[in-house]
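Take a look at these structures.
Shared between the two complexes below is chain A, which pairs with chain B and chain C, respectively.
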Partner chain A sequence: MSQVSSMNTDSHLRIEGLTKVYGSTAAVSDVNLEVRQGELLVLLGPSGCGKTTTLRLVAGFVAATSGRILVEGKDFAALPPYQREMGMVFQSYALFPHLTVAQNVTFGLRMRKLPKAEIDRRLEETLAMVKLTPMADRYPRQLSGGQQQRVALARALAIRPKVLLLDEPLSNLDANLRQSVAREIRQLQKAAGLTALMVTHDQDEAMTMADRLVLMSDGKVQQVGTQEELYEQPLNPFVARFIGHSNLVEGELVEADTFRLPGGTVLKLAGRYAGRGPHTLALRPERLRLLGANEAAPPLATARVEDATYVGDHIDYLLTLEDGSSLALHEPTGAAGTARRAVGETVGIAWDGANERLFDAAKTTVPALAAA
Partner chain B sequence: MTARRPEGLTASLLIGPATLIVMLSLVLPLAVLARYSLNQYDRKTFMVEAFSPENYLRFFTDPFYTGVLWTTFSIAITTTVLCLILGFPIAYKLARSQSRWKSIGVLLIILPLFIGSTVRALGWMGVLGRGGIVDAAYGALGGEGISLLYTSFAVGLGILSINLPYMILTLQSVIEGIDARLEEAADSLGADAPRRFWHVVLPLALPGIATGGILVFILAMNAYATPFLLGGARFQMMAPMLYREFAVNNNWPFAAAIAFILMLTTLSLTAISGLVIQRRYKAA
Partner chain C sequence: MRHHASAGHAGGVIAMRGLIRFLIFVGVALMLIPLLMTAYMSLFADGVVTYPPSGYTLSWYTRLAEFPKFAQSLGTSLRVAAMATLCSLLIGVPASIALVRYSFPGRGALNVLLLSPLTVPGVVIGLGLYVLMVDVEIRTELPLTGSDWVLVLAHLLITTPWVVRLCVANLVQLDRSIEEAAANLGASPIRVLFSVTLPMMRQGIVAAALFAFIVSFENIEMTLFLISPGMITFPISVLQYLEYRFDPLVASVVVVQTAVIAALLLAIDRYVKLSKVV
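And then the complex of A and B:
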């Protein structure tokens, strides 16, 4: 791994203008990504967003319509999978059922015709890494789901891949196993200093495992960034809704700080904006505040409590604005004065300028004007 | 609480009729046939009650009959191997196809099964016989008239064409059961197409190869219409010979013995191959 970091670039895997067209629809269109040496980049998105196709393009199972896949500066796009040296972990594990754990793990090494001593050494080392040494002579069907997943990982790691590809590696596991396997994958990947690309539809999984995330939709990259960047600075309404479920309110910016809903309801905004006309306002439920009865600050909006559910760490409110449009609000519990409001009660809502995101008709972020 | 009893009763009630039918239609005639094979033949009275192995001895001491058994076995094994070699790529292609033409392809494989083997043998006669298509083409190229009929080639070709669909359909369903991701996994681990076939597809398809092979082998061993029409008198196989002993020579005891020899040969070969493949599969 050290010979790579000595190279004068920190992007280990680079995807340029990657496009895959099936018939008249583009499954993946013009995807540009960089994965740094030792980084775990997670492709996240709803099903059919092109994340899996992107991974399969990188693995070589699908031929790209156009674009380049550069590993250490060398274009891999024209190579067949068996020459790409990418370790792939499949959602279904895809362990060879007729081979033992040891034979599965050494499959790639035997295909490379490595000397027997080297194969044995790596087998021992890899099995120890995934803590499966006692299982070497078992068949996959004799293992639990979590163990099978570790064999799949060991098999991919044994070939010392240039890039580790993970296709929904946790989705076939029990919910209570997921966290520990996720941590294990993360540890092994970090320990080996492997550059990795992972696909998932599960936001929590993506958030906990990724160094950086790529949110995709309709075959296009919507946003690339760290967890904080995607959560705090979504670039468009899709990102705002997908990461952490924002309230998306359609309306019109009639004044710098006034937002009118189609039903006529008027909201005050925390910030001031230059544009006018149709916009989308994104508000996170957990960043909205219910105003107390004797609070000095004027409410930005008033609403009626439709439903209030106590879920432990917060109270889950469903509110309706005057025009009938609904708004979710999460009020943290524990602080003094967080009694559950009665259904039917009229409440004032407020939020901070940093927590409102406004998008124009072209679905791009509208920045707030600097405070005068 | 006492659900076991009624359940067991229902089960035996359900299995009962089928068992009875199998007993009456399979075991009973076989027992009768076995008894016949120990009887003696007489020119005037045809069958004489006896208890002698002479029909079996006659078969195994006469090189003509053992020759026919050997020919039958050779044809069966050759066509089985050819079915496998020719059928596998087609079955694989069909099984892995995502195309909307796939069902058309399957239909094309099944279609010949709608036509009886007699009709198809007649078709081959038109192709291979004197004045047939091959003859005409050969003549057009300046050759003397030829006939490929009544040769091992004609019979082999006929049996092959009849058995190939069975092999393809059996293999196809087995290959479809092999997760395509396994091949992708092998691919990503550095195995090129031939090695993916050898190390992954072949070992996992082995049960299907066994099933298809046994099915096709049994069909070939017992082929009747095809060797009768395409082999004629010059190329003898077991089933037509059995019929001749039975219907033409009226020698029921000897025909019964031939039937048993054919059946037991087929059964034992099938059992042996099954065991061998099972062992290999377990070891792999």
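And then the complex of A and C:
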């Protein structure tokens, strides 16, 4: 993919052509990634997209079919997990139930046969970091979920790993704990300057924690980029749909600015395009505007209100176009309050050229022509 | 109306609780009555067990010393059961780890093979082993009859399936990622085994040991073929005694034996809470 050519020389963890085939299906196929020193890269995608397998390949629990995993330029792909020096935080925490918090945290240090004084020093330091010093002699079963999570993190940090791996670290926590734990993990990772790779299926989690994101589907990387890049410039309809739930409208580009749906309904486009034939139009619900009754601008489309839900910061509209295809639209509520449109009302919709994205039959993005 | 309905509901809950208590009582009674009856019988004064007894006495317990065969056979049984337990753990624990944690050709076959002795009647195994033992003895002239090891090897056939079954059940419910975490932290496979897998299996191993011990200790039908005049096991000594006499002495023997086993269990319980295991 195009990421290979744009790889930075300062990458700390580098994955090249990583592939894992089970039987005849590729769980991970030709994944190329780079994580910079101190960066938190988040692998995001629906279940079965290959993100967890990628993480397990990096950790060494799964042997790669082909590809290289480079840390500081050295290929780790053939090493067993216990020689990889990567600290992993498991989704289930995977604490040793028969060991105390202190014994859990020092496990990796004892495996490395560090001198006792050094082990004690690091234990003290790490427990202080995750604020668990008073719990040192407890067993995992005597701790709350949040505390167990911090032990898991401390255990991974204590070995001063080359790379920190996080497998859905927040998914087992209560919703109200997630944000604070996410912030804590982020703080610790930044403070230690650790290069980190995290897996999640939760878009919000990914957005809040990541330096950059990798969106995966069907074992392949769909797009790598910052939050803004994935949101504003999705490379294909899958990305547009997964990040921020774009409306995807299938149809045909019949003129430079005219898009015809299979049912015959015609939409006007905000921009002009050179291509013709089948295309997919992606429109973000929150970037669509409902036109007022006395608005001068002509609507790009008209639709019927099927449902309108007031959810506080916006009104959640479900609209149907003339041919019956549905469209979600979020109208922000203002200080003066915005009146909900009645169900059954016919409304005009418009959007800006910057907020419409068109993909051709090969699912690649089609740029708009320069304004004439 | 509503009031009535809720009263009826509360009544249902109480009735349900009563039923559960009753069933628990029946269960406990079923388990304890034979034991209590045995203890009760051991105090009967009559030489032949009759009911109601003409009087009560502790003299059967004092007369136990006249029958050294009981103590001897109890010793044999405990020794054989202990060795059979130990050996079946040495075979069964690694086997169950291999069965659950690794995939290899013949895994299914090994699983069936390890559990198969449970499906064959003990008498059949006993007879087969007896024929085999005699045959081997004739060919090699080894003094097999009367050796503890014949019994231990035979008992392995019936104790190992239990060990495998219990350890496999224990292992499949252990979170695999705990072992991965150990590897991730730098533990080689052998260290993962000794510092994580085996300690986590402790309860399963103790349960397996208990079952193996009991299965070996109480076995009659298979053992019957393999004993020799000098060496019999405890259940068989009781059986042999009952062939000639039916007096309360045998009940007192059983009470003493139960006390010995109970003492062993209490000792184990100090190290592993047995209520959590079985």
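The working rule: the second predicted complex is superposed on the first by the 360 of 372 C-alpha atoms of A that agree within 3 Å, B and C clash if a C-alpha of one lies under 4 Å from a C-alpha of the other, contacts with A are read in each partner's own complex, and residues count from 1 in each chain.
Note that in this section contacts are C-beta pairs under 8 Å (C-beta built on N, C-alpha and C of every residue); 3 or more make two chains touch, one makes a residue touch a chain.
A quick note: this is a predicted structure, and the numbers were derived from the prediction, not measured.
Superposition of the two complexes onto chain A shows a clash between chain B and chain C.
Applying the stated contact rule after C-alpha superposition, one finds that A:Tyr82 touches each of chain B and chain C.
With both structures placed on the common chain, the touch criterion links A:Lys162 to neither chain B nor chain C. Using the contact criterion defined above for the overlaid structures, shared-chain residue A:Arg178 touches neither chain B nor chain C, since it reaches no partner. Contacts of A:Phe90 after superposition: both chain B and chain C are touched. Looking at the shared chain after the overlay, A:Arg150 reaches neither chain B nor chain C. Contact with neither chain B nor chain C is seen for A:Lys51 once the two complexes are overlaid on the shared chain. Of the two partner chains placed around the shared chain by superposition, neither chain B nor chain C is touched by A:Arg357. Of the residues of chain A, those at positions 59-61, 80-88, 90, 92, 94-98, 107-108, 111-112, 155-156, 159 touch chain B in one of the two structures and chain C in the other.
By the touch criterion stated above, chain A contacts chain C in their complex at residues 59-61, 80-88, 90-92, 94-98, 107-108, 111-112, 155-156, 159. Interface residues of chain B, counted against chain A in their complex, comprise 179, 181-182, 184-192, 195, 199-200, 203-204, 281, 284. Considering their complex, residues 59-61, 80-88, 90, 92, 94-98, 107-108, 111-112, 155-156, 159, 165 of chain A touch chain B.
Those residues of chain C that touch chain A in the shared complex are 175, 177-178, 180-189, 191, 195-196, 199-200, 202.
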